[in-house]
Structures are given as C-alpha cells and as structure tokens.
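In the two complexes below, chain A is the common chain; its partner is chain B in one and chain C in the other.
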Partner chain A sequence: MSTSDISRRGFLAGTAAIGLSGILGGCVGSGGSTDGGGGGGDASPSGPITLQSSAADPKPKAALKAVVDAFQGAETTINTVAVENFRAQLPTYLTSSNPPDVLTWYAGSVARDYASEGLLLDVSDLWEGDGACAGFSDALRDLSSTEDGSQIFVPTHYYWWGVFHRTSAFDEWGVQAPETWEDFLALCEMLRGRGIVPLTMGTGSTPWVASGWFDYLNLRINGPEYHLELLSGEHSFDSAEVRAVMTEYAKLIPFIDPNGRSYSWQEAVTPLVQNEAAMYLMGAFFTQSVPSDVVDDIDFFRVPIIDESLPVAEEAPTDGYFAASGTDNAAGAKELMSHLAAPDSQQTYVSKAGGAYLPTSPEVDTSGFSPMVQKGIQLLEESDRLTQFFNRDSSDELQTTADAALTRFLDQPDQVDDILSQWQQAAEQVFQA
Partner chain B sequence: MATDTAVSRTAHPVSGHSRNRWVFHALMTPFTLLWIAPMVFVLAVAFRSFDDIASRGLGALPASFTFDGFATALDEGSIGRALANSALVTVVGVVATLFLASLAAFALSRHAIPFRRTILLTMLAGNLLPPQILLIPVSSITETLGIYDSLFALIVVQVAFGMGFYTFVLHGFMRSIPNEIVEAAVVDGAGSARIYARIIVPLSRPALAALAALATTWIFNDLIWALTVLRTEEKFPITMALLNLQGGFVSNWNVVASGAVLAAIPTAVVFFAFQKHFVSGLLVGANK
Partner chain C sequence: MPPLVWLFLLVPLGIELAWVFWPALNSFSLSFSRWNGVGAAEPVGLDNYQRMFDDPIVRTAVQNTVIWTIGFGGASVLIGLSLAVALNRPRRGVGIYRSAIYLPMVFSLAVTGLFWRVLYQPDGSINTALEGIGLDGVARQWLADPDTALYAVLVAAVWRQVGYIMVLYLAGLKGCDPTLEEAAAVDGASAWQRFRHVVFPQLRSVNTVIFAVTVIDSLRTFDIVWAMTRGGPYNSSQLLSTYMFEQGFTSLNLGYSSALAVVIFLLAIGFIITYLVRATRED
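Up next is the complex of A and B:
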C-alpha cells in the first residue's frame, strides 16, 4: 500500500520535474550561475572543493575560514552545518552520489567505523615521507588508522577534559580543588549547603554531555581497558561493573543543576560564569563560550582518582578531517587536508578558535600558550592512558543509545536496572548491525 | 421632548452593547497580552546587546539598544541570502503549484474524465500521509534524478506535495461555477483552453488568492523538505539558516532572536496584505 503511494509520488515528482523544467529553467540557470560565478578561469584544473564543516560556533568558524582563505590550491567552499544536524546527516553526506570532498569530524573508532563501510578516502600517503602528518606522534597515527593499517584521517587539534571552575569563586568561598573522590563529594555537599549549585551540565539539546561523567567514572572505577572493551561491545552494559559506575553517578545527581536538563552545553556555561554554579566537567574547548574578561579566571583540576591501582586515564579527544571516498577530486582533497594539517595552519586555528585547543603537529611552538593550556598539556603528559570520548571510542550510533539511557537516568536514577537492560539491548542492535 | 425620548430610547441599547464590549475587552485583553508576550519578548531580546543579556540575564528588562544582533545574523548567519532563497522557492513554488492544480481541477470538474473521483481522492489521500515516511524515498529519488542539493529539487518536492490539496479545494470551487456560463461560451465557439483562461480562472480568483496566501506561508515555513534535499549552506532557505544560526550562536540569544525576527517579517507582510484571503481561505469549500 505504502509502496504504491511512494512510487506514485516518485512518478509525480518525476513528471513534475520534466514538466516544470521549462518553467523553472530560469531559476535553475540563475542558481547555476551563482555557483559557477567565482569558478571561471580557476587555477586548478581539477575543480572546486567542498569542505563540509561542523564548526558552527562563531570563533571556530572564523578560525577555519582564516585557514582556508590561506589555501593556495583548488577553490574551496566551506559549508557550515551546526554540529547536532551535521552528526545526524553525516551518513547521508558520505553516502550521497556527489559527496562533499573533505569533512570535519573525529579521530578514533568513529572514523574507523565509517572507513569500514568504505566511505572514507585512503590518505596514507600524507603519513609517509614528507607528507603533512609524517611527523605526528604514533598515538595520533594509531587513532587515524584502520585495522589494516592504512590512514583515513588527518588530525589537526585536540584538547583535554577536566573539572573547570573560577579561581576567584573558589577563593571567595575559601575552597580548594579536591584531591580525592571523597573530598570531591564533600566539597559538592558543602557548596550545596551554601546554596551554590555544585555542578553545571547542559544535557538539553546536547545530551552527549551526560556521557562525560559516565566515561570518567568508568575509567576511574573499572579502568581504561575495561572502558574501551565495553565501548567495543566486549562487555555488557547490564553488568556489575557498569552498575558500580551508575551507583557513583547517582551520588552526583543531587549536585547537578536540575535546570541543566533544558540547557545546551553552551548555556550551561552561564551559571558557572555568574558564580551560581561552581564546577563544570567539560572539554577545554568550552572556554570559547566564556566571556573574554572571565577566561583568565578559569582553572581546572583532574577528575579525582577513585581506584589508585588503575592506570590514570584522561580523555583527549582529537579533531580533524577526513575525505569522502566518493570525492571527484581526491588529489585536491588531499592537498587541502595537507594545508589544514600544516604547522602554520594549526597555529592560526588554535590561536583564533577561542577554545583551549592543542595542536597535533610537534612543530607548533606551544610555549607562548596560556598557563591553563600549559597545565592541560602537563595533565595529558602525566596520564598513563589517553581515551577519546564515548562516541569517538565507539560510534555515533552507540552514542545515541548512551544519550537515551543517561538522560533517562538523570531523570529517574531509581530505574537503573531497567535503564541498563534497555541500554544493553539497544547496544546489541548497534553492534549487530 | 422628542429628542429626549430619542436619546432615552437609544441610550438603552447603547449601554447594553457597551457593557458587552466591556466584558469582551476585559476577557480578551489578558489573552491578547498572553498571545503577544512571546513576540514582544523576542523583539526585546533582539535589540539587546550580548553583554547585557549575559550579565543581567535573559529575563531582565532591556538596558541596551543595539542592532548588533541583526548585523551578526545578516552577516555571519547569512540570513539575507537565506531569505532570497526562500523567496525564490516560495514564489516559483506557489505559482507553479497553483497553475498545475488549477489545470487539474478544471479538467476533473468540467470534463467527463473516467475515474475522476478516484483520481481526486487518490491525490488527496497522498496528502494525508505523514511526510516523515517519505523522507528517505524523496532523498534517494532526488539523488537518482541528479537534482539533489538544488533549489530546483526543493521546488519540485513542494509543488508535488501541494498539488493534491490545492486540486481538491479548487475542484470544489470550480464545480460551484454555474454550468450555463460555460455552455454559453461553448455556444460562442470557445475551446477548452479559452474556457479555462477566460472564464474559469477569472471566476476562481477568490479561491486562488486564498490558496496562494496559504501556500506562501506553508512553503516559506517548511523545514523538513529543505533538510531532506539540501546540503549546501549557500542554498539554505530561511528555516534551515535559522536552525544553523541557533546551532552556532547557542548562547547569543540576541543573534538568534534577531534572525527569528528577520525570518518573520516576510510572512507577517504576506499575512497583513492578504488578511482577508486568509479568512476566506479557511472557508473555501465550506459552502459548496
């Protein structure tokens, strides 16, 4: 029944397309001429390049534009789509018959996942000889490689996660960054007693933020090995180990700003800036949303250790670019990616993007960066193991199961048994697909 | 004396009428305020500066007046280009839909086409399907036809989806035109094309105007089809540009509000210009 309707519509669309092509000819022509307007007499014979970008926040967007403007190769158009829509449309972009050539996204399992479906261009030659990524660290090479050892990703910057707070506020309240998990919970309790929201968190339009605490608690309670195995489907979410994580998470819920359930991560910054909330577990990129007169007042501490016998792990998500395997200008795409990964470009991006990003190229001089960024570099150097983030260590599909489970958990922590069994069911479907 | 009675006679109905009016106003004023409060709020936010909002909160009374939000929305959000895209899609879409729908309705209502009732009901039934289940087919059909990611594709989809409903409404209207007029034209030697152009279309003007007003707002405000067939920022209509603006300027409420105000201007203009037709549009087909 529905099939016949669809084909009727298809027929209708088809006939309308043919029938209307005369009437609409003018409009198509004008659309086409604006597209080709700047393309006449192009320097590169291989045609223009489209860079599909998820960097929609004003500062990163301007930073990327500055980097691309300096590109000497093929004419490049940046298409910016806000990240939540970008995430939803990414599979459509990559599978379309005329995909965007280069796309912003994340290193690690998530890129590997798309590569395993044959959607990504092999960029191994950029990692060899005098290629743009040849000097990058082995850890970055691993993150950008598929199982068979070819590279499909060009990392350009990364950042660290931590519990951020305002130095002046901590001084005013007479409190210090906690060393142990017990101290941390006691600090939260004390702040709440004084009418301050201990933790801000925006899980409204950005539900993935709820995975931050899940990741850290799992890393601190069960260790990085278990965490990565869990995210690759080797353990069940409905297990004693994950239950232990949720027990600790439940202790935090009374300290988390209840209004945060309707905020985005950007909006959750406001209570922190206004001293209504004390702490924020976030990626260092969040400083782009902090008013410029407050940025220097922001400090952070490592998520306290819970089990000292475990290796210390930190999240260090790596951002960068991959190219669609369906691109009609593979050489131009690689040329653009080489430009994006070059030390000068990284320097430009990191200095203009506003967030506290770290460059992936060892040739970028980081000595002039702010004290907080120095502290971030030190944090990562003192860690035994680096992970990415929930979605980056698994897949965008598994992230949606986590979003559903964790946001429900925030609303109904007493339903944990039901939530975990449903989460496992949903995760199994993702892994089987 | 005579004037006195006249006054006293008319005084009663006037006071009764004015009491009703008072009750009406007393009841409706709060509703009106409730109704326009969000619009006033958005306008107030749009003209405030970011620092004012960030430091004093979104709900505070405005302490600043600036066009910064509008400048950012127009410049970085490319709202102007998006409005032009929307205008193009809407104008071409409305004209094409109404032209095709009026042809179809003319044929179905004035000619003895076999199964015309079935044809009409099938066209209408297609409109009752939720568009969500057709997103993937439409996306892959436009891919196959090679028109994916073009405004042309969006126009085609809008025309295809509007056709059923507009044909149904126009069919009802055209059937109510007395047959004698058409017969007189036939006697005078007019063919089908001439009857359509000289008699049916001019007489259907009220229905066409009403549908044009409705179609304009529907196509202009559409987001779901634009999301399905477009990918390039340059081609985004206003609804998608607003979504993007919201994603990029999450906490810059003044920019988001300015974008929303700019997006609302064309529909508001259309509404006030065609106010009369909107009301008659809701009544089209009500009394056949």
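Up next is the complex of A and C:
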C-alpha cells in the first residue's frame, strides 16, 4: 500500500490542479475572445489544419474525405459533427482561443453576422486575380461578401429545389408535369381521385420542410423582393400579402399526405419511391435518400408560376466553407479552401456526395452529369433571382417561429388569423433580440 | 481524521466546484444579460424574466411541466410500488419478471424515445394493434397530434422509469419487519389494512428518496421529449427544459435560456427543500 501512496497522491494533486485551473479560468460571457487571435496570421504557416465539418451523412462525408485526401498542402484533419450540434457549437468554435481553421457552413445572413463580429478570415484574395473563386458568378460573389464588400466565404456547391416525381409513375398514370398553377391543382385533384397521395412531405421531426411551400408561394405570389424583405423583418407576417400566400397554401393541404406529420423528410421519400405518393417539393439533395436503382427514374418540374408579372425566383441554397479569423495558419487555411473550390475537387465532391449537387465553378465539366442535374442547371440559369431558403435568408431563430406557425397551419388551416398574429409576435421577439 | 481523508474530500469538491458549481453560477449571471455566444454579453437587467411572462410558449411549457411532474411521478410511483408489492414474495419465475420490468432502465432515454417513436408511427405497431381489435377510431398519429403528443411521450418515459422505482421499493420492502405484518394478520387486519397501516409507514425513508428522485428526474426530463417530438407539434409538448434547450442551442439566446434554467433550478430546489423540511419535521 505505502509504495503506491506517492503516485496516487501525485495523481490526485494533479487532478485537483486541473479542477482548480478551471475555477481560475475566465467567466463565460465576458467576451474573452479579444485575446483569442493568438498572434493571428502566420505564427506557424506549416502547422496542421483542422477542418470542422457538418457533413455527417455517409455519402457527403465520404466525398469530403476523398477531396481532402487529395490535398497536397498542410496535414489536414476532418472533424465531423452532426449538423444540429455543429450549429449550436459554431459560436464556440469561432470564439475559442484555438479554433478549427476551416469550417463547413453556408453563405448568407449567418456568415455575415459572424463576419461583423470579426470572427471570419477575410478571403478576398481568393476572389481576385487567379484565385480559386475569381471565376465564380457575380451572384455567388454577392452571397459570399460582407456589407463592406470583402469576401469571407468560399462556395463550393449548391442545389436547386423543385417538385420531384418518378417518371415511370407519371407515365403509368398517364399524366404530365403541369405548366400552370391551375394545372398543378387539377393534377393533384385528379391523382387524389384515383387514390394516390398527390404530395408527400415530412414535417414530423423536420418541421422546416413546411417552409418550402411557404417560400415558393410567397416568391410566386408576392415576388422575391417582398419575400426577402419579409424575412428581414420589414413586413408583417400578419399582412394581406402573407394571407394571400396562406390562402393558396390551404388549397394544397388536402393533397398533402396526412401521415407526413409524423415523418422526417427522409421518411417521406418512401411513399414517393413506392408510388403511393406522386410528388415531393424538396431540395435536390434528397436523392441521396432514394434507392440507387430508382434515382434515374426521378425527374422534377419548376414550381408553377402564379403571377406572370413577377421575376421568376428559385431557391438555390449554397454550401461551402469559411475560415476562423483566429486560425494560427491563415495561409494553410486559404490553401485548403482553394483546393476545396478547385474544379477537380468540386467534380469529385459532386460525383461522390450522392445528392444532386451543382458545382459553383464554371470550369467543372458538367456534360457527364445526369440529365436531371443538367435540367437543374438549366432551371437556375433561366431564373431571374435566386434565394437560399427560409432559415438561410433569415435566421435559424426565425425558422423556429415558421416551424410552429406552418405545422399548426397544416393541422388547423381555419385558424389562419390566430396563427399569423402569433407568428408576427414571435417574429418581433426574434428581430428585437 | 487522517489528512488523506481530507484530500479525498477536497479533490471531488474541487472538481465539483470547477465543473458544476462555477458553470451553474455563470448561468445566473448570464440570465441577466443578452448573449448569442459571440462577443461580450450585454447586461439587460430583468428583461429576460419579464419576457417569460409575455411568452405564450413559456405558459404552455409551465403547464406541461406540471402535467409531466404529476403524471410522471404519480404513474411511475403507483405502478412501481404495485409491482414491487406483487413481486416482493419469492415465487417461481419472480426473478424473470423483475428483470424484465427493470430491463427498459438499461436503455438510455434517447434510445427509449427512438424505439417508441417507431411504435407510434402512423402505420406502427400501436395503431396496427388498435385496428386489429377493432378500435380504428382510437388510432391516430400519436406524436403529431397536439392533444396526445405529451401523453404519448409520458407513457414511454413511465415505461422506462417503473423498473427503477420498483427496485427501490423492493429494497425498501426487504427492510420491513415481517413479524409486524404477521402480528397484524393474526389480529385480523385485511391485506389492504396491513399494507396501508403496517407496511407503508415503514417505507417512509424510501418514499423520501423516491420523491426527490422523481421530482428531479421529471424537472430535468429533456432527452426523451427531444428525441420523440422536439417539443412539437407547434410547441404543444414543450417542457421548460426543452424550451430552454431550443432557446439556448437552436436560437442561441443564451441569456433567455439561462433565465429559464434558473427558473427550473429554483422550482426543483424549492420542491426538494419544502419536502425535506416537512419529512424531517414529521420525524
């Protein structure tokens, strides 16, 4: 016993020291990040790089690994974190004294907020001269820029939204993709009469899916300008314009699979694949949940135009990378981001990630992509305006207000007045915070 | 006492202070501020507490927390105690029953939630069984219906908890003096009278433990609700704990969510202290 005493005591003392150092540490919320830069820039330009990734689904995860394996620069470790935790931890990652160097996330309002706090690395040089992003479209440049015009984001892929269906099922039922909103409603009515669920939608554990139709109807009825202003708090959700959107949305409710209220978006794919449901308004990424022998049978059409006078807008959420300003290897981080944005890397990622993603680089040869992806590219090229999605164009906090309002609306469409006034109250709380 | 004992006491105390009490104290100071996790927290006085009074979701969450505490505590204690009494006497196969009832306790709450989520699916076992016995009208989307979501989760949580309560009561029953019950039987007391007036009073110390455990467990309930409904549909199954999490980690309102955490803490500590004071006074 006595021989082991010393080592045990040493161990305990050490443990106590660790505990005490925690007590002496800083207070949370006191903004200790000001000294977080740790000398910033080029303290050890050749140090290893950490890539914090939210791509936790198997196929995108494997695709990202393949891309990073081909990176010739600094040694890179990928840390994959499930997207829910990633979102919650993001401020902690960015403000920690030793942040991950490069992080996956999306462009738009969230990235801009972090940039205004000085937490994101300025990557404007990648967008100039022969930088990796120099040839990207102006729309992508705008999306990746802060208010003062510097770029803080490297977009690498995006996708489109559409009404997806099985070609073979449409042939079997003898129906065609509708051109107008009236045709679309008539098609739904006809399918329902034949015992087929017209629309599948999983709003159980993924209630944000209900915002898909809201976004599109608002874009089609009130236009993209109004939509983006609404999401930034300039209009009321309790307004005649939003009420008009809900009136159209109410027409869809009888056509939506009632069981979808218990499903996630992934589970809602099953009725479509089994020909029990006909159509699915979704992002093209959903094909990663479609069995591989059915993927080639999937086609889509544009959400029909309702008001011809409005510019045609489509949702095209863009994913990519930003770097923490506190990185101790800014040069290495930029090198990695250049690699991730390079045409070859984008090609690898898009071909392995499973979902129907589109590359952001115009240099990627898309001729080998499937006909559906070609059609997706064409859809976005023919659009006047691209939006992101409800949460990306506003905030995750406003998204939770939309989730509550829209899932309740799906259950109780006759309570629309109450729902919209509560939604507006909740939204005001968000914009005040 | 030898100095080594103090060391053994001080080390866990140090760790507890650093990793439990210090963060807990921080959440008190955060509750008077507005903070999104980035930069410095902005002091806002009592705004967060003010906001709670006007927040309709907090009202639902408080109501649900009360329903939850009573339902979860009541059901698991009643069922757990009945099972313990029924399975107290040695009988053939009693071990199998005890193990089977205790078994759900080995699953984490998140796993329990996922498992029950499958049972509650629109075409899941529960609806299939109801339709099988002709109760089609009762079948519904248990977790997607705001009238049933909270209770559906409650059933799953109680299913897991009864085994634990049963084991605690079994241990308590083992400590009861069998001669007292025999004497009462000889005096002509019925089975209910023997239980109510002879056995149950002897379980007082176990009851204190179980009350504390149940109140704490029900106020900190989070994972099973989050795994099954995330507080939905449209916030109808929101508890204070899930709403606190949503505000803190989905919306990043760390100030407001700390204020909710403080309220949960005060409720828990209030309950426990009142109960302990009353329990010790009776002794």
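We take it that the second predicted complex is superposed on the first by the 382 of 433 C-alpha atoms of A that agree within 3 Å, B and C clash if a C-alpha of one lies under 4 Å from a C-alpha of the other, contacts with A are read in each partner's own complex, and residues count from 1 in each chain.
We take it that a contact is a pair of C-beta atoms (placed from the backbone, for glycine too) under 8 Å apart; a residue touches a chain by one contact, two chains touch by 3 or more.
If you're wondering where the values come from, they're calculated on a predicted model, not measured in any experiment.
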item: Partner chain in contact with A:Arg87 - chain B first, chain C second, else both or neither; value: second
item: Which superposed partner A:Ala433 touches (first chain B, second chain C, both, neither); value: second
item: Which of chain B and chain C A:Gly174 touches, first, second, both or neither; value: neither
item: First (chain B), second (chain C), both or neither touched by A:Lys61; value: first
item: Contacts of A:Asn259 with chain B and chain C, given as first, second, both or neither; value: second
item: Touching partner for A:Tyr114 - first (chain B), second (chain C), both, neither; value: second
item: Touched partner set for A:Pro100, first chain B, second chain C, both or neither; value: first
item: Common interface positions of chain A, toward chain B and toward chain C; value: 9, 12, 16, 19-20, 23, 27-28, 31, 92, 205
item: Residue ranges of chain B touching chain A (in the complex, touch as defined); value: 51, 54, 76, 88, 92, 96, 100, 122, 125-126, 129, 133-134, 137-139, 141-143, 145-152, 155-157, 159-160, 163, 227, 231-235, 243-244, 246-252
item: Chain B-touching residues of chain A, taken from the complex the two chains share; value: 2, 5-6, 8-10, 12-14, 16-17, 19-20, 23-24, 27-28, 31, 34-35, 50, 52, 56-58, 61, 77-85, 89, 92-93, 96-98, 100, 205, 264, 266-267, 269-270, 273, 289, 291
item: Interfacial residue positions of chain A with respect to chain C in the complex; value: 9, 12, 15-16, 19-23, 27-31, 33, 87-88, 91-92, 94-95, 114, 117, 119, 204-205, 207, 258-259, 261-262, 396-397, 400, 403-405, 407-408, 411, 422, 429-430, 433
item: Touch list for chain C against partner chain A, complex; value: 7-8, 10-11, 14-15, 17-19, 22-23, 26, 29-30, 33-41, 51, 55-56, 120-123, 141, 143-144, 146, 230, 232-235, 246, 248-254, 256
